[in-house]
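In what follows, chain A forms one complex with chain B and a second complex with chain C.
After this line comes the complex of A and B, so read on.
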């Protein structure tokens, strides 16, 4: 899975460089997130700008990361959702669970 | 002029084929020249339901056996699109699968696939067929 990592203070930014986040690659993102949590990170922004397609497995990995961050008194937020991806969050009501921002900068301002 | 489409796709029981089959669903919408609705939305929905149905077959019905196959039949007319995804598993009760919990305090990682399919299609059935089971999903176009 093609992922760009950035660090801004105590915040980790993960930019997914994939067109799809689905059952084929979502376990790889889960491993990346688990590695971050195990290394002590608890505040994560996931940039989905390049993701055009997400399925229930992709959503599930993001939920898993959200729960993991919350359990550590941190947060996992999302930004830059394409319309098709946003529609899947709305269909599954997950837009009420996640803090979703338009840009990375906007997401960082809310920490 | 005849404009009914019938196709059969047979792919190995592996998630690496999800994107390819999903894209076939999207391309199919381009052939529905008389469809008056939102084409982009319909294309996305077909991609999603094909992906979810295949994952259901790969992981649950075919038990992730990479040597098995998944057969997908797609029929499209001016009135409706029917997608059938065949698996060689032992089946499950579609009605027994609950909707996911929407309460953010009790939110689960899993269990949204069938809910998504039911939400995006007009009818969904799961029944015995060809020595295994078939998930049949219909979308009305007119």
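After this line comes the complex of A and C, so read on.
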């Protein structure tokens, strides 16, 4: 899985360089998130700008990352959702659970 | 994966409930990459028939086991005459911890039909809204209600809505494998195509309506196997 990592103070930014987040690659994102949490990270921003399609496996990894961050008094926020991805969040009502921003900068401002 | 598939298939109903004036068919065709589709229907008393469709995220034995747990919990409350919103609320609170541990979630649409009044009440936990094609009208509409997917928060409230059904009305409950099926150009089957087809085939027997959708899917994708599980439940009031 192609992922770009950035660190801004205590915030880790993960930019997914994939067109799809689905059953074929969601486990890889899960491992990335788990190793971030294990290294002590609590606040994570996931940039989904390049993701055109997400399925329930992809959503599952984001939900589990969200719960993991919350359990550590941290947060997992999302930014730059494309149309299909946004529709999935609206269908599942997860857009009312996650903090979702238009850009990385906007997400960072809210910490 | 074969074990998961066997568990999944053994949990699906093998016969439709016998309610006068209601014709129901359901089918699930598994993909090689098995998912967590589940549908069920059961009668409570003379007039009430409950119908549900759900999808457990993930593709594993874990998802199939969660599905078995959902089925046990749902079947344990048959006859308790509870509202659809309460049923989803209870399922969410009962399964929250197991789902968190398994890192899974469930989408579920749950409806209760009362054959004496013709009223269908329903609640939705983030599942693809079923489509209803009315006997008098053209086109179809979605049955949606507010509700978060199951397993994200320990306590969730679900909206309950109600419609009155009439003779000839057809309902289609489905899982995401139907609308997300992709052709060679990367185009998805989509809800609009499903709506158009449902309007065209709504007079066929329910089992044939289901056949027609699978045929269209195979034609659309140009493949003889499915990319994800596709479950369909069709209900018609006769």
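Going forward, the second predicted complex is superposed on the first by the 111 of 111 C-alpha atoms of A that agree within 3 Å, B and C clash if a C-alpha of one lies under 4 Å from a C-alpha of the other, contacts with A are read in each partner's own complex, and residues count from 1 in each chain.
We take it that a contact is a pair of C-beta atoms (placed from the backbone, for glycine too) under 8 Å apart; a residue touches a chain by one contact, two chains touch by 3 or more.
Here the structure is a predicted model, which means the values were calculated and not measured.
Contacts of A:93 after superposition: both chain B and chain C are touched. Chain A is touched at more residues by one of its partners, and among chain B and chain C that partner is B.
Residue contacts after overlaying the shared chain place A:20 against chain B, while chain C stays out of touching range. Look at A:56: by the touch rule set out above, it reaches both chain B and chain C. Judged by the document's definition of touching, chain A residues 23, 55-57, 59-61, 63-64, 66-67, 91-93, 96-97 lie at the interface with chain B and also at the interface with chain C. For chain C in complex with chain A, the touching residues are 33, 35, 55, 57-59, 100, 103-105, 107, 126, 128, 146-149, 151-153, 176, 180, 228. Listed in rising order, the residues of chain A touching chain C in the complex are 23, 30, 55-57, 59-61, 63-64, 66-67, 91-94, 96-97. Taken together, the chain B residues at the contact with chain A in this complex read 15-16, 18-19, 22, 41, 44, 47-48, 51-52, 55, 58-59, 100, 102, 104, 107-113, 115-116, 119-120. The touching residues of chain A, when paired with chain B in their complex, are 19-20, 22-24, 53, 55-57, 59-61, 63-64, 66-67, 84, 87-88, 91-93, 96-97.
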